[in-house]
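Below you'll find the structure I mean.
Chains here go by letter, A, B and C, matching the order in which they are written, and residues are numbered from 1 within each.
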Amino acid sequence: MAAAARAALPRPHLPLPSSTLRTPSISFTPSSVPGPRSGGGAATTAAAAAPLHQQVTTGRLGDVIEAQQFDRAALNEIFEVAREMEAVEQGSHGAPSRVLEGFLMATLFYEPSTRTRLSFEAAMRRLGGEVLTTENAREFSSAAKGETLEDTIRTVEGYSDIIVLRHFESGAARRAADTANIPVINAGDGPGQHPTQALLDVYTIKREIGTLDGIKLGLVGDLANGRTVRSLAYLIAKYKDIKIYFVSPDVVKMKDDIKDYLNSQGVQWEESSDLLEVASKCDVIYQTRIQKERFGERIDLYEAARGKYIVDKKVLDVLPKHAVIMHPLPRLDEITVDVDSDPRAAYFRQAKNGLYIRMALLKLLLVGH
Amino acid sequence: MAAAARAALPRPHLPLPSSTLRTPSISFTPSSVPGPRSGGGAATTAAAAAPLHQQVTTGRLGDVIEAQQFDRAALNEIFEVAREMEAVEQGSHGAPSRVLEGFLMATLFYEPSTRTRLSFEAAMRRLGGEVLTTENAREFSSAAKGETLEDTIRTVEGYSDIIVLRHFESGAARRAADTANIPVINAGDGPGQHPTQALLDVYTIKREIGTLDGIKLGLVGDLANGRTVRSLAYLIAKYKDIKIYFVSPDVVKMKDDIKDYLNSQGVQWEESSDLLEVASKCDVIYQTRIQKERFGERIDLYEAARGKYIVDKKVLDVLPKHAVIMHPLPRLDEITVDVDSDPRAAYFRQAKNGLYIRMALLKLLLVGH
Amino acid sequence: MAAAARAALPRPHLPLPSSTLRTPSISFTPSSVPGPRSGGGAATTAAAAAPLHQQVTTGRLGDVIEAQQFDRAALNEIFEVAREMEAVEQGSHGAPSRVLEGFLMATLFYEPSTRTRLSFEAAMRRLGGEVLTTENAREFSSAAKGETLEDTIRTVEGYSDIIVLRHFESGAARRAADTANIPVINAGDGPGQHPTQALLDVYTIKREIGTLDGIKLGLVGDLANGRTVRSLAYLIAKYKDIKIYFVSPDVVKMKDDIKDYLNSQGVQWEESSDLLEVASKCDVIYQTRIQKERFGERIDLYEAARGKYIVDKKVLDVLPKHAVIMHPLPRLDEITVDVDSDPRAAYFRQAKNGLYIRMALLKLLLVGH
């Protein structure tokens, strides 16, 4: 939401009546986090990291752009509302929620992401809201004629009450939010951020394990390119007594910027090449897909990397009874299908939590707590 | 719907409250039918046909996968509810039905089929339900990254109450139903089944002629490749004193498996090359499109076949007053447009019946009779 | 809507109950306008123009096909309802309108136009109606198998209450309306008409300036190919004491058919190559994009044309305080972005007016005033 829009009331031509524009009760704090492409090597702290990435400024209420915009209190509030959403969803048949009745969400997707789009649209509908869908805005919209994202946003905000944007360029969500007079949710902007994924990951840990303080977390797979594990490492650092194990092929190791950030926050971490040993000590094993598209023509490197750390029955054998296995999906064979029937396989419940988190955000942004 | 889901109550993480999971009052019986690609030649009976295709087992309640899963009582119940749906649809303006209020249908289409998709979505909305649409899941979804259909289903079932699946692989609907904890409707799986088309065809005959027992049916056009006429031949065999005439170019004649099945059921059939003579004796002429894509490079064979049996004014001249002409659509020139204005041209009413049949199935699967 | 449908009541198989088929209170008059491709040179008047284009006949109630079907009284009524729609839209949160509850609109788009589609779908939903979407009917539908538009319409009308058609062929909307038993709205048919754009343009002038009689209008940019400016010139001629200035590069000058028409209506017009001088005298500057696709391989001509008349700060400096700048969007650089923050930049409000105009049309066509 553009700052000017919040400052100047009453505003002509503003789509929302002022009553619906009250600031949601989510608290946000200025913060920073190394960007996903900020590369390794130099020791950076959160405070010093500004040159490497966009500094988040205060007062950006009303949009969801980056995982790091949320402090611990904000996270707790979102998770509380998400928990309430489970009851709303389960009670929806016959007597659906009318919380967002009369609100219209535009899903403006410049690259396809069926899973994310469907979960946002389901979230809106489970709360009684309506949806305008653009499944492939890049090819089908005025963008093809050279219209700027800003102009598209100015048009679409006239037709809707909230915009969910998926874009191929890092920073696009921030540009959209700076333009729009209605809330914008970042549903992934290229190699940049995917904050609702990060939120649902942390919520899943809390929901499955019961706590976030004190947990031991094994991050497995492609730690260099996966924005998921990078955002998760960042967010989890807001909690106490965290221990993180990085388990990944050498070519896709966690980069130094995140390690430095964890150091600055007093989070313990270590690297390991023994998945079984790590699994025996963890509350959460977070497996990720090795992304073939990152290897270009080096298919040999990809093939070597993808087979190295597989979550299978042997991992289940050593994994504590209370622990869970997570995965952002889609998965290929980095978790074998015989793991699915184990109660500790949490990845489909994790996907479902995406629905609750998105319901919570839509409610908080559109009508407040 | 996965058997495990029905067996084990209460279930954690199950999307539907148990009250909505009560078994719909559709009765299903174990049965079998030759598959559409089972090829000709060998004499097979229903009982012996198992090696040629998937045997339908008992207890598959709650999904619509194959035309042959329905016995005569189930068909009657569906048709009764479909008839009620005509009134529901006509009374929808201003005071729409709330029968499926709060229910969410996901249309997961791996190949495009606008007609089928729109009729399912209209059906859901005419009953007060909501829709999540995926128009081109093959290209746009995680499938492109290698995700299995089963994993996609496990995710999508978390966002919706019923899945309507269109897929390019025969058997995909069965796999989806075996995975899902919510009902699955097969909206066509490749060369396999398209059961809602078969149901609307039989419903149309009943609705137009008034009865199914004793009818005389002329199946015209591409009888070798059309799953429509094959399914129709199978379903109509459940009724008494049926007579079927096959009228088709030699290259696309009805295959022996269906003929053998009709023999085993005591259904009379004969082949004819005289469309006018057949039309003069029938209650229903069911015309089909010669599918160019089945002829590969033999355009000459296609051209010869497509022009051979055309439904035109001459057919109308000999067709009994009470009889009707049907077609699954789209049609090219196998029915001339001057036939459209004749009251016996039933094909657009037939398409409309697809709406009522799909409304009936959605109601039966989601809330019961 | 097909004439037969209106004539013969009661009708079997008609989707709408007769109560909803009452003639909307929009009055239409027979009229004519030179078509956008009718070419220049010969002097044509409205009365003599018939050979160059389709003559609009009387009695075509219930469809929106061409800008010229509306007389001044009809325009006034639409604008009055559009104004009411502003309040409906702003009051929609929490207590949304139920004016079109239970009505289903099918957006049948044979070529993509995200802006137009979203505004129609938003309009339907702001009035409590529901939507069936086809974003790319050309590639995804039965059209690919050779089905005629007429057959597609006959099917889709069975699933919906109103069809919004975007097509690549001029005249397609008229053919659809002649076929359908439900209202059809033309959302652009190729080089033909885009009547809702024309309506929103005229509505925007009235809304921004307060009057239509007596206004001075500068049409800038591609006047040869833009159906927008052609339709606008036609519609504005229905009002009194209009003065139009044409400002365009030589290669895309306004064609003689429109000039002749304006002459026949007593509308004053002149051509100018001095944008600043025109801007200093106008109430409305209507800028348009030079369409690269019209120049084929003559990129040099395109580049020369596109940079010639830019609306920038210098134009703002001479533009009267009460005047406004309009643009049908998308814009490239023919209006510089530093103009956006000026209160006289009306183009995003203009886009928003498209919502109100479409709400008004949907209401008028489906339930009347």
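The rule is short, and it goes like this: a contact is a pair of C-beta atoms (placed from the backbone, for glycine too) under 8 Å apart; a residue touches a chain by one contact, two chains touch by 3 or more.
Keep in mind it's a predicted model, so treat the numbers as computed, not measured.
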Subunit B onto subunit C, rotation angle from CA fit, given as a multiple of 5 degrees: 120
Proportion of interface numbers common to subunit A and subunit B (over half same, under half different): different
Between subunit A and subunit B, centroid-to-centroid distance (C-alpha), Å: 41
Contacts with two or more other chains, residues of subunit C listed in rising order: 133, 135-136
Complex contact set, residues of subunit C against subunit A: 89-96, 112, 114-115, 118-119, 121-122, 125-126, 133, 135-136, 289, 329-332, 337, 348-349, 351-352, 355
Footprint of subunit C on subunit A - complex, ascending: 13, 15-17, 20, 101-104, 106, 130, 132-137, 139-142, 145-147, 150-152, 154-156, 158-161
